[in-house]
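You will see chain A twice below: alongside chain B first, and alongside chain C after that.
So, the complex of A and B:
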């Protein structure tokens, strides 16, 4: 039991969302009542388990957790948000929207409700409204990189790549160490036909994460296109010599990655693809 | 180590007990008085986050391509100058004459006063009580020897030259308790309690709103002029230079995989430095000092790119 509580605490601290793990560990805690031995942490565990239960569709468990929280903290906006999420899980989106709206009317700075509201709009398929709401939210809560990621996602759904690139730039400033964000930015740039810049970003991805296959493929795509087109006059552009070297490197690494312990068919397919470019 | 059982029973232990009890009572009264935390205001949150945004841009701008950086820089410095992010835009410049007419300010001040009174009153009362009834009492003897320097700490209120340092006076016992009961309170009330003696010390030393002031208050307790802060940040932004971290990423990657010798990178850097210093030297002969920094910076950037 102590171990389960510790794992749950670690998951809370790292803000990871692993609903299956949380439910597996938390369900016995909640159902046996052992959770109350954790004192003040008990309520955090209840909240965590409730959200995880909603994620995996265990409505009874979620109901139980939320009920416990409601009796302890009647009228708390944090619990009411859970109520809203429960309604969302049941598909009663309009009811949930009412709850979030009420919370925000009482306290306009409530971040949790504001975020739920955005996602609710998105779930209802009102992308334009969701984007507007999220932009408003980010204007106030600038450092929320997950918000920016979400916004980039929504813009991409609308094929607004310039806007999505802007959002990813913000994410890069807030989380510069994460190579996956760099990769995403690079792919947006490539889609925008900004191959020169995309190449640099793909290089950055591989620099941050050695032998990152998707990054290597990205490099390969960019270099083959740049090498085919006439050399650019721009002084900042990568030199032809470097391009060739990078192209060679990417090919080499890709072949090396695929030849190390992968099925023969996959290997031949990838080799064919790479040679084809 | 006690002098007399009567002193132990009627002075030493009561002082400690009273201090513990007062600490506990104070904790609960503080909890009662605090009530609900003050709700943050959306607009002031936006103000501080905007400043943060500029700071992040300055610190991590090197991850952005030149164009993206410049666009953000010019947008933010213009917004700061115009006061787009201000709580009350400059247009509605109301007279800043009387602070007392601002309800938010008065409320913060009252909060601070309440907290200070909660801190100072009980301690003053206990100290007065000890001074009145037990002044000049010697309560215990420490079981270990100490140097003469501890005399002022352990024998407060007793002005004798010759008494051994290990004897502790009543007033000093009070002070030892004041600082030493910290962990006892943590044991009884859990962490984060309000019976903290160190807070009194802070309250006494500042005697003002300092500790209780919100984020909008300066060290003097006056609300700060956010527009001035924004203008300061704008200046910082204007000075911020963009140096793209991806300028030579291809070379770095080739070096990483051992396709090019490491010396390539070093050569590049030294060349860039040499070019920068050369251009700076060239500029210094002709331009006035004010413009010098800017031109040197611009040239060094150009030089780096050519290399």
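So, the complex of A and C:
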């Protein structure tokens, strides 16, 4: 049981979405009542298992967890948004909308309810309204990088890459040390055909995370595009020699990563393929 | 996900032994002081064997704790960041949507422990 509690805690910290693991570990805890032994963490576990149960379709388990939370925290907006999520999951979107509206009427600044409203609009298929609502939320809550990530995702669904790139820039201002955010920004730039800037961002990815394979591939793609196109007259553009040097470095690192522990036949095949990239 | 080590039974035994040594030296001190009171002797500090027993208990406790403690976590930010994957972008716990097939796929599945 100690093991299960630790795993659940790690999942809460890493924010991964693994509802099958959470339900598998959390259901026995909740049903046997052993969850109460965790003292303060018990309520966090109830919330976590409730959301995972909604993801997995186990409505009875979700209802049980939400009941326990309601008994402990009557009238709390956090519990009421869980009620709203339950209705969302069951498909009763208008009822859920009423709950979120009520929470926001009581407290305009309630972050949880505002975010759920955005997802509710998305679930109803009203993507434009969802984007508008999220933009309004981000106007007030500027440092919420999760919100900017969500907005970038929604813009990309509508193929509005310039706006998505802007959102990723905001994310990078808030969290400059995470190489994954740079990676997504680089890939959006490459999609927009802004190969110069994409190359710089891919280099940043590899700088932050040594030998990141996806970043190295990005570098190779950018350098091969730039080397094929005619040299730009722009003074700030990377020179041809520099491009060739970066290309060589990326090839070297990729070969090193792939040859670490693979059969000789695989090595020669991957060498041939990488060098022709 | 965290990996739990198998509990080190030897480590726990060593810790228990050290704790018993500590208790024993504590009780010896108490007995020694009552003896001194009984013979109206002066308090000249603890006898050497109790001190040695105390030091031994500390040393063995140190050994036991090292055996029982979890593995160290990395101190460099880089090693933690390197574990991030591109899927972590899609995590966003406050923005979960429920219109996915998970509800249909897992509806009647009972997860085995």
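In the analysis below, the second predicted complex is superposed on the first by the 237 of 277 C-alpha atoms of A that agree within 3 Å, B and C clash if a C-alpha of one lies under 4 Å from a C-alpha of the other, contacts with A are read in each partner's own complex, and residues count from 1 in each chain.
Convention: a contact is a pair of C-beta atoms (placed from the backbone, for glycine too) under 8 Å apart; a residue touches a chain by one contact, two chains touch by 3 or more.
Remember, predicted model here, so these are calculated numbers, not experimental data.
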Open item on the list: Contact-wise, after the overlay, does A:140 reach chain B, chain C, both or neither (first, second, both, neither)?
Closed with: first
TODO: Check the residue A:118 against both partner chains and state whether it touches chain B (first), chain C (second), both, or neither.
DONE: second
Open item on the list: Contact-wise, after the overlay, does A:172 reach chain B, chain C, both or neither (first, second, both, neither)?
Closed with: first
TODO: Considering only touches as defined above, state whether A:256 meets chain B (first), chain C (second), both or neither.
DONE: neither
- [ ] For A:11, decide between first (touching chain B), second (touching chain C), both and neither.
- [x] second
Open item on the list: I'd like to know which partner A:89 touches here: chain B for first, chain C for second, both or neither.
Closed with: second
- [ ] Specify the partner with more touching residues on chain A, choosing between chain B and chain C.
- [x] C
Open item on the list: On the A-aligned overlay, A:206 touches which partner chain: chain B = first, chain C = second, or both, or neither?
Closed with: first
TODO: Kindly list the residues of chain A that each of chain B and chain C touches, one partner per complex.
DONE: 210
Task: Complex contacts: residues of chain C adjacent to chain A - done: 1-2, 4, 77-78, 81-82, 84-100, 102-107, 109, 111-113
- [ ] Using the touch rule from the top, collect the residues of chain B that touch chain A in their complex.
- [x] 39-42, 45-46, 49-50, 52-53, 56-57, 60-61, 63-65, 68, 245-247, 249-254, 256-257, 259-260, 305-306
Task: Residue ranges of chain A in contact with chain C within the complex - done: 3, 6-7, 10-11, 14-17, 19-21, 23-24, 27-28, 51, 54-58, 85, 88-89, 111-112, 115, 118-119, 122-123, 146-147, 149-150, 153, 177-181, 183-184, 208-210, 212, 214
Task: chain A to chain B touching residues, read off their complex - done: 107-109, 139-143, 166, 169, 172-174, 176, 197, 199-201, 203-204, 206-207, 210, 235-236, 238, 242-243, 245-246, 248-249, 253
